[in-house]
Amino acid sequence: MREKPLVDLSQYLPILLFLGVALAISGAFVVLPMIVNRLTGTAKPNPDKLAEYECGFPAFEDSRAQFDVRFYLVAILFIVFDLEAAFLYPWAVSLGGIGLTGWASMMLFLVELGIGFAYAWKKGALDWE
Amino acid sequence: MIQLIAFYLFAVMVVGSAALTIFARNPVHSVLWLILAFFNAAGLMLLAGAEFIAMLLIIVYVGAVAVLFLFVVMMLDIDFAELRSGFARYAPLGVLLIVVLAAEMIFAVGAWSAGSLALSQRIAPTPDEIPNIQALGTLIYTRYLFIFEAAGLVLLVAMIGAIVLTHRARGGVRVQNVWQQNKRRPQDAVRNINQPVGQGVEL
Amino acid sequence: MTEWFQSLIGHGLGWFVATLILILMISLPLMLAVAMVIYGDRKIWAAMALRRGPNVVGPFGVLQSFADGLKVFLQEVIIPSAANKGLFLIAPIITFTVAQLAWAVIPFGKHMVLANINVGLLYILAISSIGVYGIIIAGWASNSKYPFYSAMRAAAQMVSYEVSIGFVLVTVVLWSGTFNLSGIVEAQRAHVFGIINGFGFNPLLFPMAVVFLISAMAETGRAPFDLTEAESELVAGYQTEYSSMVFALYWLGEYANVLLMCALNAVLFWGGWLPPIDWAPLYHIPGIVWLFIKVLAFFFVFSWVKATVPRYRYDQLMRLGWKIFLPLSLFWVFLVSGYLMITRYGV
């Protein structure tokens, strides 16, 4: 085992605590009104009130219908570019230390992705008719 | 002390939400449990000192991959009851996978308790003073350059593959050409005429 | 403060109490700020439309948001019978939690930051990428058509603009050499001509500041990118089935996110808590005041845009994200890194 931890975990502890506090506050905002309107008697549900919204008439069909595959393509392209960005982050902070080799290797990487991007553009994958 | 509590908290949550991912009846619930598992895995990474990997786990897996999963289970409207009926057919394959995973786990524990693979024998020692994102950066782009470029190629293939598989050009849509619209000037489209009374307009 | 508490009630407990107070010092003023900013937004919007805006509750109507808050708090919480009840209630909790959590790493002053982590900027990216779940889950759990369409739109939109935000952040990090937000602010000290503080004043980074501002509007779903709640198409978007305080949580979360994006604009490009000019007398004004001035200025810009720019169409929105911002920011990564290689690292 190492004596010294790799990162200063004491800086992350407030975030964990903040997570707890934020969850508690948001949770309270959801639960408290429900309790309050039980007590004040505003909670008077009836079937029409609890029906889903559909411009004044009962819904015809299941709301969870099939969706356009383009959303799926957007999500995949996003993963690819997100990963590319993920490779850029360590590169951006260490550019001073890795010199021309590091810079050139990233440029080659960007060209590889640029080809993919040009292909997507050409194929019309970025179009949203 | 707090680290230990945090470790057990995250570890229990990871295992628990992973189990719920498998056992949840509703596929959307499964994905949401999976997201919780990713989250806690990021917490574990953080405890291990890999803050960059932890953040990346959330950005890439929670922020991108799980969104795709959700899109798929929400949008494609797969009949999961029907899929489940094929359980008997895939059972042998499942058993095989269980055996492989179990063997891997036994080997991992065995290798770990043998203790010969000490972390100090790594090729590049972890530097102490700089943040680990920088330490990673100095290695990826120089020492592991070829692997890095290969990763780029994998991403390229993934992108092209996704487009080939999912992109369908639609017929009969008139696409807006923004360039052309911006290029258009009033004199191309509007004509001022001095219209005499009592005559029709010549178009 | 931490030391004082530790001397009073012991090491661990003292730390706990002090940190808890610090957290509440961020969280509670944030909620107050959101209430005031909603009022400000309505006032600015009204003024630009030659209306009065809220002017009844309190002097000039400043208490309007609190009155609204009390009203929604007392209203009935309606959970649609077809909804997935648990997820339906968890979704707004996620949205509001995430909106608060990102503030943990924002530096309000020289040492005024709750969690001074090395990868602060990545933390913000990570947190904001979780924000999309509050919307997707709400849309799906409502089990109603319009929220579902809206959630899909919102997800695709947020995801598209996150890409260019990622690349813009890389240009900032290239220049500052760190992901620590305090470090990024410090790197902007005397950045231009040795006297002006702020990356935004650098002609090479100014275009990225603009891209970031516009992407921030799209990411928070503000007008002109508010297609997720385009009322003529989608009723009220993913919030359609929500009511009472649960609905208001989305409202709070949205404005907290807008404020966060304003703060990020200020911190990343316009010097954060530094005064605009590196001149000693200006440092007598506390840094937090400078930050607030900048945040409010950006909030005014957000309201201004909301009041004046018509809503985008969905294909135009996607085109702007994928075909303009993405290649532009990618090219800028090349440009900035090349410039730095030549000037700073001497190739």
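Letters A, B and C name the chains as they come in the text, with residue numbers starting at 1 for each one.
Here is the rule we use: a contact is a pair of C-beta atoms (placed from the backbone, for glycine too) under 8 Å apart; a residue touches a chain by one contact, two chains touch by 3 or more.
On a predicted model such as this, the values are computed, not experimentally measured, just so you know.
Asker: Taking each chain's centre as the average of its Cα atoms, which chain lies closest to the overall Cα centroid?
Answerer: The chain sitting closest to the overall C-alpha centre is A.
Asker: Write down the chain pair with more C-beta contact pairs when B-C is set against A-B.
Answerer: If we tally the contacting C-beta pairs, A-B comes out ahead.
Asker: Subunit A to subunit C: how many Å between their CA centres?
Answerer: That pair's centroid distance is 14 Å.
Asker: Would you kindly tell me how far, in whole Å, the mean C-alpha position of subunit C lies from that of subunit B?
Answerer: 24
Asker: Taking each chain's centre as the mean of its CA atoms, how far is subunit A from subunit B in angstrom?
Answerer: Spacing between the chain centres: roughly 10 Å.
Asker: In subunit C, what residues contact two or more other chains?
Answerer: 117-118, 122-123, 140, 152, 155, 159, 162, 178-179, 315, 319
Asker: Hunt down the residues of subunit B that sit against at least two other chains at once, touch-wise.
Answerer: Residues 51-52, 56, 59, 63-64, 67, 71, 74-75, 131-133 of subunit B touch two or more partner chains.
Asker: Two-or-more-chain contact residues of subunit A, please, as numbers and ranges.
Answerer: Within subunit A, the residues that touch at least two other chains are 7, 12-13, 64, 67, 71, 75, 77-78, 82, 89, 92-93, 95, 99, 106, 117, 127, 129.
Asker: Can you name the residues of subunit B that touch subunit C in the complex?
Answerer: Within the complex, subunit B touches subunit C at residues 28-29, 32, 35, 51-52, 55-56, 58-59, 62-64, 67, 70-71, 74-75, 131-133, 176, 178.
Asker: Which stretch or stretches of subunit A touch subunit C in the complex?
Answerer: Listed in rising order, the residues of subunit A that touch subunit C are 7-8, 11-15, 17-19, 21-23, 25-27, 29-30, 32-34, 36-37, 40, 42-45, 47, 49-54, 59, 63-64, 67, 71, 74-75, 77-78, 81-82, 85, 88-89, 92-93, 95-96, 99-100, 103, 106-107, 110, 114, 117, 121, 126-129.
Asker: Which of the residues in subunit C come into contact with subunit A in the complex?
Answerer: 16, 19-20, 22-24, 26-27, 72-83, 89, 92-93, 96-97, 100-101, 104-105, 114-118, 122-123, 140, 142-146, 148, 152, 155-156, 159-160, 162-163, 166-167, 170, 173-174, 177-179, 235, 240-241, 244-246, 248-249, 252, 314-315, 318-319, 322-323, 326-327, 330, 333-334, 337-338, 340-341, 344-345, 347
Asker: Can you tell me which positions in subunit B touch subunit A when the two form their complex?
Answerer: Contacts found on subunit B: 2-3, 6, 46-52, 56, 59-60, 63-65, 67-68, 71-72, 74-77, 126, 128, 131-134, 136-138, 140-142, 145, 148-149, 151-153, 155-156, 158-160, 162-163, 166-170, 173, 175.
Asker: Taking the touch rule as given, give the residues of subunit C at its contact with subunit B in the complex, in rising order.
Answerer: Touching subunit B from subunit C are residues 87, 117-119, 122-123, 125-126, 129-130, 132-133, 136-137, 140, 152, 155, 159, 162, 178-179, 315-316, 319.
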